[in-house]
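Heads up, the next two complexes both have chain A, just with different partners, chain B and then chain C.
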Partner chain A sequence: MSRFRRGHVVARSCLFVALLLAAALLMPSEAYALTTNKATARPNENGGSNVIGGLATRLTWEGTVEDGESVSSVTLVLPEGGTFAGSSTKITALDGLDRAAVDGFATANDNQLVVVFSQPVDEGLLIRLEVEGMAFPSEGGDVVVSGTYENASGTQQLADSKPISTIANTSLQMLVATLDEMEAVQAWNSNPFLGMFFKPQLLVTAFSSLLPGWLLCLVIVVVAYPFAIALGLVFAFMKISRHRLVRAIAIVYINVLRGTPLFLQIYIMFFGLPMMNVNIDNNVLGVIVIAINASAYLAEIFRAGIQSIPQGQYEAASSLGMSYFQTMFNIILPQTIRRVIPTVTSDFITSYKDTSLLSSVGVMELMMFAKNLTSVSGNMTPYVAAAIFYLIVTLPLIKVVTYIENRMAHAERGGGPRPKAGERSAVEEAASDDLAAAELSTHFEGLGEGQLAPVPVFARMAQEV
Partner chain B sequence: MALFGKGSKGIAAVDVPPAMDAERAARLGYTHDNKLSKHAFMEGEHPVVRIEHLNKTFDGQTQVLRDVNLNVWNGEIVVVLGPSGSGKSTMLRCINLLETPTAGHILIEDEEITGRKPKDVALIRRELGMVFQGFNLFPHLTALENVMIGQTKVLKKSKEEARAEAVKQLTAVGLADRMDYKPPQLSGGQQQRVAIARAVAMHPKVLLFDEPTSALDPELVRDVLNVMKDLALHGDMTMIVVTHEMGFARDVADRVVFMEGGVVVEQGLPEDVFDRPKNVRTAQFLGSIE
Partner chain C sequence: MSTISRRQFLATAALSLGTMGLVACGGASSGDTGTDTAADAAAEYTLVNEGKLTCISNLYFPPFESMDETTGEPVGFDIDVSKALAEHMGLEVNWLPSQAFDSLVPTIKAGGTADIAIAGMTITDARKAEVDMSDPYVDSNQSVVTKVGSEDTLDTLNAEGKKIAVQAGTTGADWATENLPNATIVPLDDIISAMNGVLTGSYDGLVTDLPVAGYQIKNSFTDLQILEPIPTGEQYGIAVSKDNPGLTAAINQALADMEADGTMAAIETEWFGAEV
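What follows is the complex of A and B.
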C-alpha cells in the first residue's frame, strides 16, 4: 500500500517538472516586447573601481523596444535593501545614434522606480534610464535589476539584467561618504596641494587597502632578519679567519653584495632563478634576497664590532685560561652585540625600507598597493599613506637607536658620578670615536679600554631604483 | 713575519742549549739565588718558574729579550725594575705565553711550556694569573661576575662555589660593597682590585703583575699596593711584579731584578740593589727615579 502511494507521488512530480520545462521552452527571450540590453552602475568607491552598496551611485539601464511594439512605462525593481529614494532619473530614447524626443517622469518608490512615458515609446528605439542617486543593497554582492513594463497588451515581466557586482558598505566606506559630504573636507580638497597629496577620503581608503602590503613588508623583514644576522655572523668570522681562502670567500661575498644595488640583486634572483627552473614563491624569494643583502652589511658591522673590542679583552680572557671559543662567546661577542645594537638597528631600518624595491618584481608589498591605488585614483595621497606606514616603524626605531647610543655614551662616562680616575679615560675614549682610535687604544694598554664605544655607523650606499 | 726576518735580516739564531734536567737546574738555581733573595729555601726545593736563555725578537729585527735567565721560587716575591722599553712586559707576557718566545725555555714546575699546542697553552695559562696595567676587566660583567667567569668556564666550578670564592676574594680586596657594580662604574683603583681578585680566585701557581698601578691616579695607587702587599705577606702566593713603585719593591720584594736592554743587568736583595747597586746603569736608573 505504501509502495503504491510512493509511486503515485513520483509520477506527479515528473509531470510537474515536464510542465516547467515546457513553460520555459515556450517563453523564449524574443517574446519580450522590451529587451533589457544592459544595466550598469558607476563605481562609487573613493579612489577605487568598485560599486559599493548602500552608497549613492548612478544606475544606467537600457532596453530596446521590439518591432511592432510600444512601451508606455517601465518599472525597475532592485532587490531588498536597494533604494531609489531621492534619485533623479534622466530619460533618453535613441534611434540608432539619433536622440528621439521622449518625455516622461519617474516616481521613486523605495526599491521600485516607475517611469511613465508621455507617449508610448515606439518600436526600434532604445530607452536609456540614468538613475542618479540610487543605492544598491548595503550587504553587497551580485545585484540583478528586474522589473516590469507596460505595452499595448498590459503589464509584462522585464527580463533580469546581467548581475552588477557590488561590494558591501563597510564603516570605512561610510566614513569616506561622510567625508565626501563634509564642507571642510571639500574646502581642503579644493586646495590643489592638499587635495593631491592629503585627500582625507583617500587617506582613509589607503590606510585600509595598504594594510596587507604593510604587513607583508614587516613579515618579510622580520623573517629575513634573523637569517641575515646568522649569515652575517658567519661571514664576519670568515672575514677574520686565519685561513686565506675562507677570508677570500667572505671578502668576495661581502664586497659583491655591498658593491651592487639591491635592485639588481632582486632582478637577478627573481628573473634568474625561474630561468633555471627554480621556482620559489615570490614572498619567500623576497625574504631570501633581503636576508642575503642585509647579511653582507651585517657581516661588516659584526666584523668591525668584533675587531673594535680591545686586545686586552682577549688577553685577559686567555690569561684566565679560556679557549678561543670560550673567549669569543663569553667575552667578545656579548660586548660586540652591545656595541653594534644601534648600527644593526639602523641596518634593520634600511632593510625594512628596502622591501619597497620588491614591488618592482610583483611582490604585493606596501609600495605595490600604493602604486596601484595611485594609478586608479590619479592622486598622490596613497603614496603619502605609504610614507606614513614606513614611518610608523622607522621613527620609533630611530628613537631607539638614539636612546641606546646616548645610554652607551652615558655608561662610557661611568653611568653617573664616580671617582676621578675613570674620567680621564672617558675623555680619551670620547675622542676615540672611530675604529682607528679604538685600535690605537689597544696599544696603550688600559687607557679606557673595556669602556663601551659605539661602533661607527657604516652608512649604506643609497640604493636608488 | 718571523719567518722572513730571521734569515734575511741577518739576526743570528740564538744558540740555546736544551733545558737542563730539573735536579741540576734546582741546584744551580739555589746556588745562584741563595744570597740574592730573602726567600727561605727548603731542602731540595725546585723553582716554580724557570727561565732559561729566553730570547724574544719582534718582527725578526727588534730583539727585546737577550738570553734572560731567571728562577722564581715558591712563595717568592720578585720585583722587576727597569727603564721603559727594557723588555719587562715582554718577559712577563712570554711567561704567560701571550708572546711566543723566539728561543729559550720557560718551565713551570719543571714542565716546559714553550712550544706547546694551543690546547695545552690554555691549560698552562690557567696556572698563571696576570694583572694588567689597563685592568682589562670585562665591562659587560659585574665585579662579581668578572671574578666568577674564569672559575665557572675554565675551572668548571659550580655557580655557587664560584660565587662564594668571588665574594671571598672581593671582600679581601675591600670591595664587598661593589660586587654588583660594572667596571665603568668603578674607579681605576677599584677596577684593578677586582682584576687582582679575578686572578687570585683562579688560585694560579704564579701571579704576574705588569705595572698594576701606573695607569692609576696617585691617590688610588695606595689601595692597590696595599692589596698586593697583603697578598705578598699573608698569602703563599708566588708573584712577579713589574713596577716603578720603589717603596713597594723595598718593603715587599724578596728579590729585585733590574733589567735593561732586554738583559737582566743586576739582581739581589732589595736593600742591596737600592742602597748598594753594583751596576752603573742600575745606579743611574735608581738615581733618576728617586
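What follows is the complex of A and C.
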C-alpha cells in the first residue's frame, strides 16, 4: 500500500512540474491587448514591385484590440535609418467590415510615430494605420515594425510585425531622381503634351520594366511562326485540292479564322478550353492562338503564291516526267516562296503586333506591362516606350520587305542574276542545293509564261531528284 | 463604338465597368476624407448646363452603376444618389454616356463636359491632387474571391505559382501586390474577365471591391465565392473640379441633408438590402 502511495506522489509531482513548464512556455505569447495583424508597404519602385528604402512610400499597419481591453495610443517604431518625418497618417477603425467612429492624431518623430486616439479604442476593433510618405532605412533588407501601445494598465510592448522585405536604392532609381531635379527636364514636363507622352523619367523606367514583356512578345511570335507556316502550307494545299471535302474543310478553316477578330479567338481559347478541362499554360496557349490565326492568313498567301506560278511551269515539269509532288517541291514551291516573302514578312509584322491582344487575358507581354505602368503612373509615356519596342522590330522588317520587293521588281524586269554562257559548270554545281534551285527557277520565271525552260538544265535537276 | 450592337456593347461595358469600379476602389490610399473646400463658398457655383447637374461615370460597375438591359438607361446606387443630390440642390439630373473610368478624373479636371463624376470612386490622395473629392457617401471594402470548391486560403494564395487576377490600377490591385507578394498578380482590364478567368481556372483568385464581388457572385457568377472579405474601410466620393469649390460645398451640404432626412438610408436599403 505504501509503495503504491509513493508511486502516486511521484506521478502527481511529475504532472505538476510538467504543468508549470507548459505554463511558462505559454505565458509570453498571450500578453498582448493589441495584437499585431500585419505591416505591409506599398511597392515604390518606379516601374517595379520592390519596396525601396530611403524613398517615400506608404506603410499599412493593422492590429486588433483584444477582448476586455481598450487602447488609447499606439507608437510604431522603425529600425534606425527609417523615418516617419513628413508623413501623413490615415486612421481607420473597423468593427468587422463597418467603419467605427474613431479618430486621433499622429505625431511623427524621426523613426517613431505616435498615434493618440481621441478616446480609447474598444475591444474587438481593428485599428488600421496608413502612413503615407514614410521611408524605410535606405540600406534595404528585412524591416520589422515594432512599437508600443498604451492600455488601462500602462505602456506595453507591441509584437513585432512580420518582416517587410525592402531593397537598397537602385542605380536606375537614382537616375530617375537625377532627372527629377534637372531644370531642363522640369521645363520639358511642364508642357502638358510632352509631360504626358514623353516624360523622361518614365521613359527610363519603362524601358527597363517593359523589357521582359518585349522578350515574351518576341518569343511568342518567333515560336508560333514556324508552326503557322507549316499549318498555312497544309491548308493552302488543301484549298487547291481536287477533293471537294478537303477543299471545304480548308475553306471553312480559313474563312472562319480570317473572318473573326483575333480578340474573339483569344477569348474563346483562353476561356473555352479550360471549361473543357483542357489546361494549357497561358504563354503556350498564346503561341497556339497566334499560330492558328496566322496560319489562316498564310494559307491564303501561299495559295495565291502557288497559283501565280505560270501554267507553263507545270507543263514543263510534266513533260520531263515529274510527279505532282516532285513538281510542287522542286519547281513550284521554290518560286512561290520567293514571291510570297514580302507578304509573309508583312504578316509576320502583323502577328507580332497582334500579340498585344494577349494582354487582355493575362499574358504578361509588352502591352500588359505598359498598361500597368500607365495605370499606376497616370501617364501615357509607358505606351510610347512600348511603341518604341514594337518599332525596334518592325522598322527593320519593313526595310527588309522594301529591299526584297525592289530586288524582285528588278529581277522581273530581267535584271536578275542569270547564268552566263561561260559559267555553266558553276551553275551545275549550285543546282544541287535548294537555294540554287530557287535561283534557277527565277531564271525560268524571267522567261515568262508559256515559254519552256531550257531543257538541259531542267533535265539534270530531274535526275538529281 | 456606336457601330457595335447594344448587346456587345453591354457585355463589353459590363466588363469595363467592373474594371472601372475596381480601378475606382483600387486608387484608395491614405489621406483623410476631404472636406478641405471652403464651406462658406456654398451656393456660388457654376454648372455646365444651366439648371442641370451633369454627371459622368463608367456604367459597368454593378450595383453602383450599370445600364438597364432593355432601355440602356443608367441605373444603380450612384445614379439614385445623383438624382437625390440634384433634387436636394433644386436641379435636374443629366447623365452623359458612359466613358472609361480612367478618363473621368481628367475630364472633370479639364472642365466643360460634366459637373461631377460619380463612379464608385474611392477617395485617394492621388485623386485629390487632381480634383476635389466630396465627403464620403458610402463605405467599401476589398474581398478575395475564389472558385467554389477551391481549397486555397489567403496563406496558400500567397505562394509562388499562384495567379491572382485584379483590375489594373485599382485599390484591389494595390492590396494584392502589397499583401500577396509571392503570388503573380495579373492585372486585367475589367473584373468580368477576371471572374471568367477564376471560373475557368486560369487564375487562382481575384481581388476586388466587396460590394461588386458580392453582387456579381449573387447575380452572375454563382460558382465563385468570397474567400475572405478584407476590411479596408475605404470610402467612395464624388469628383468635382478644383475650379468649382462652391459646387463641392453644395454637394457636401446636399449629402449631409440626404443623410439627415433618410434619403440616403432609403437608397442604401434599395440597393444593398440594408443601410451600410
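Criterion: the second predicted complex is superposed on the first by the 255 of 465 C-alpha atoms of A that agree within 3 Å, B and C clash if a C-alpha of one lies under 4 Å from a C-alpha of the other, contacts with A are read in each partner's own complex, and residues count from 1 in each chain.
What we mean here is this: a contact is a pair of C-beta atoms (placed from the backbone, for glycine too) under 8 Å apart; a residue touches a chain by one contact, two chains touch by 3 or more.
Note that the structure is a prediction, hence the values are computed from the model and not measured.
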Quiz item: A:D160 contacts which: chain B (first), chain C (second), both, neither?
Solution: neither
Quiz item: Which of the two partners, first being chain B and second being chain C, lies in contact with A:D110: first, second, both, or neither?
Solution: neither
Exercise. Once the structures are superposed on A, label A:D142 by its partner contacts, choosing first (chain B), second (chain C), both or neither.
Key: neither
Quiz item: Touching A:S323 in the superposition: chain B (first), chain C (second), both, neither?
Solution: first
Quiz prompt | Touched partner set for A:Q313, first chain B, second chain C, both or neither | solution = first
Exercise. State which residues of chain A lie in both footprints, the one left by chain B and the one left by chain C.
Key: none
Quiz item: Within the complex, which stretch of chain A touches chain B?
Solution: 310, 312-313, 315-324, 326, 330-331, 334-335, 338, 411-416, 418-422, 424-425, 444-447, 449-452
Quiz item: Which positions of chain A touch chain C when the two form their complex?
Solution: 38, 40-43, 49, 58, 60, 88-90, 92-94, 96-99, 126, 128, 130-132, 165, 270-271, 274-275, 279, 282, 360-362, 364, 368, 371-372, 375-376, 378
Quiz item: Hey, which residues of chain B end up touching chain A in the complex?
Solution: 96, 98, 118-119, 122-123, 125-130, 132-140, 149-150, 153-154, 182-191, 195, 198-199, 202, 215-217, 220
Quiz item: chain A touches which residues of chain C in the complex?
Solution: 23, 29-32, 102, 125-126, 139, 141, 163, 165, 168-169, 174, 177-179, 181, 186-189, 193, 196-197, 200-203, 210, 229, 231-233, 235, 276
